[in-house]
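Letters A, B and C mark the chains in the order given here, with residues in each chain numbered from 1 onward.
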Amino acid sequence: MIELIDTYWLYFLVGQYPHGPLGGLALTLILAVLGLLFAFPLGLVFGIARVSPWRSVRWPVTALIQVVRGTPLLMVVFWAYFFLPSLTGQNTDQFWTMLTALVVFDAAYLAEIIRAGIQGIGKGQTESARSLGFSYLDAMRLVILPQVVRNMLPSLVNQFVATIKETSLGYIIGLTEVSFIATQINTQVLTRPAEVYLLLGLTYFILCFGLSRLAFWLERHLQQRTMAKAHA
Amino acid sequence: MTPIFDLNLLLTGTYHDWLVAGLITSLSLTGISLALALPLAIVIALIRLSPVKLLQWSGFAFVEAIRNVPLLAHLLFWYFGAPELLPTALREWLYARNVEATSAIIALTLYTAAYMSEDVRSGIRSIPGQQFEAARALGFSFVASMRLVVLPQALRVTIPPLISQTLNLWKDTSIATVIGVAELMYQAAKVESATFRSFEAFAFASVCYLGMSLLITGAAGWYQGRFPVRTA
Amino acid sequence: MIQIEKVNKWYGSYQALVNVTESVAKGEVVVVCGPSGSGKSTLIRTLNRLEPIQSGRIVIDGVDAYGPHVKLNAFRSHIGFVFQQFNLFPHITVLENCTLAPTRLRGLKPSEARDEALTLLARVGLAAKARAYPGELSGGQQQRVAIARALAMRPPLMLFDEPTSALDPEMVGEVLLVMRDLARDGMTMVCVTHEMGFARDVADRVLFMDEGKVLERAVPSEFFARPEHPRLRQFLSDIRTPFAEAA
């Protein structure tokens, strides 16, 4: 095990970089960060549209979200892989394919988190903002969303964990993220697949468990703050 | 002259058969894994709720170790890694059979059970302790109190999230492609490379995934209408 | 019926019961009162072993409750317990609440259990609600069902832990009426309650607890007319004239 780490740790972390494209764990993380970063604004728009008082906005977005949530991510990846090129007119590499799929997929999930957040804050807040004379959109922007986003922090961290796990599907389209690299290492070593994949699992575990503990801590912290305020 | 969308390809012939075989495999994977995961999940949940610290802790470790590693990495481990750890005779016995499907079922079962056990646990915890106490005061044993009073109530709370975990399981079977299980996604890709009709092949798979997802979501809605959660 | 001998109980380092020694005779109705946190619930819960004790002895109907050979479930099924929060099982009907234990633990046939339960429900005035779910009943009705549920096991002894404290004032009477009726039938009862009218009219003896100790015990007429302990005097004046200061 030690010997395995000793030989391959750099390859595992960054792929062939700097002699080739960046890969490995670094690529996994970059993909997850960018995926969530781009998915968030899109999810926000979808989430607001999902509770919009206007049917012509609410229905198509609701349908889109239901379709994406009813479809495996791998299906989305395949659609992106085969049809992005004809859509954009140029060859899309695996990185952009995967990123596009992740953004679309995560945006649909974030939209539901945001919708639940908006509905959880309740009519009371909207009504009092409206009664002060704010327009619907201003009430959203100034009163509702700031509360939603603050309460959402733990869910965002959890979504980040989910995104990290999702990037592993890049493996299937040949993206050199960390699972792919692990398999490359396995083919080179040949004799110790159990150890190689245990190491892969351990790597994901440390990353994701750490983050989910952070989300747990944030959640408790937020709860305590809200309670302290309610008492004050 | 080939039509733009060759519906015939999907409705009859070899390729149709391939796709349908894939669909059946996906459904079987879901059914078998669900049947194994449910009891496992209940056992894990009870272990996590037991008064013994060591048991609680090992339940927690199991759940977190599984949830914080992507399903893809689980599949790679169970397919490439784990058989190496088996004694030769057993390994050969396994390889003579369907090792792909076996690995997939193990990975899907463990992954699903980890998530489901959390739903079962929070379902049980949502039942106030006084319910258990009232049952004990009537003279029911620990097991009888759980079985007759706590679990039936917890079930009502737990079934909807369990159904949504089943939806995840259904979508997750697509990832078994990675180890060569001939499920729906695998067969769609096979048809795609045999015919270059990517659109038809993926449309078929998408419609299947989506249709089944809608059925599962519908089941959750039906259940909640039929068996409302009752509180005193 | 009940012998409590030198019982001590701690929650961690807090002593909730201090050397409690009492006894209750068959057919006797004992009311326990005292300020909040004085250990009334703790005492009554030790009687059917919902709480462990650290020293002392409790014997009920000849059975040593904390003895090594006691069959806990059978032991408990012979003691009816009524909770402040009713604790009906919300997922099953009122009737099923009353037949669950008799069919499973007394081995009654469903039809027998049903007949008995309906008789008991009629006795507490709720035969018409047999098919309702607990969530559809008022608090007072739920508590009367809870009493019927406990009675369905035909216990020789009934314990009540503040059965009317969670009720709206207008529902207190209906529950007390049921309890009064039980007492008249000769049931042995221990009731934690602050309903002093009930204590005066129904109890054979009243105990006063404070800080885990039983400070006074007397027949109701003595208890209310000549309270000895200063704490009890304070307590009685507090509950009699809650607005004394304002007046």
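Miscellaneous remarks
Operating definition for what follows: a contact is a pair of C-beta atoms (placed from the backbone, for glycine too) under 8 Å apart; a residue touches a chain by one contact, two chains touch by 3 or more.
Just so we're on the same page, UniProt names per chain: C = Amino acid ABC transporter ATP-binding protein.
Quick caveat: nothing in here was measured; it's all calculated off a predicted structure.
Note on connectivity: the fewest steps through touching chains from chain A to chain C is 2. The chain closest to the protein's centre is B, with centres computed as averages of CA atoms. Most remote from chain C, judged by the distance between CA-atom centroids, is A. For the pair chain A and chain C, the distance between mean C-alpha positions equals 55 Å. Spacing of chain A relative to chain B, judged by their CA centroids, is 22 angstrom.
Between the Cα centres of chain B and chain C there is a gap of 48 Å. Listed for chain A are no residues, as none touches two or more other chains. The part of chain A that touches chain B in the complex is made up of residues 66-67, 69-75, 78-79, 82-83, 161, 164-166, 168-169, 171-172, 179, 182-183, 186, 192-198, 200-201, 204-205, 207-209, 212.
Of all the residues in chain C, the ones that touch chain B in their complex are 48, 50, 73-79, 81, 83, 85-92, 100-101, 104-105, 133-135, 142, 149-150, 153. The part of chain B that touches chain C in the complex is made up of residues 130-131, 133-141, 144, 148-149, 152-153, 156, 230-232.
For chain B in complex with chain A, the residues that touch the partner chain are 64-65, 67-74, 76-77, 80-82, 84-85, 167, 171-172, 174-175, 177-178, 185, 188-189, 192, 198-199, 202, 205-206, 209-210, 213-214, 217.
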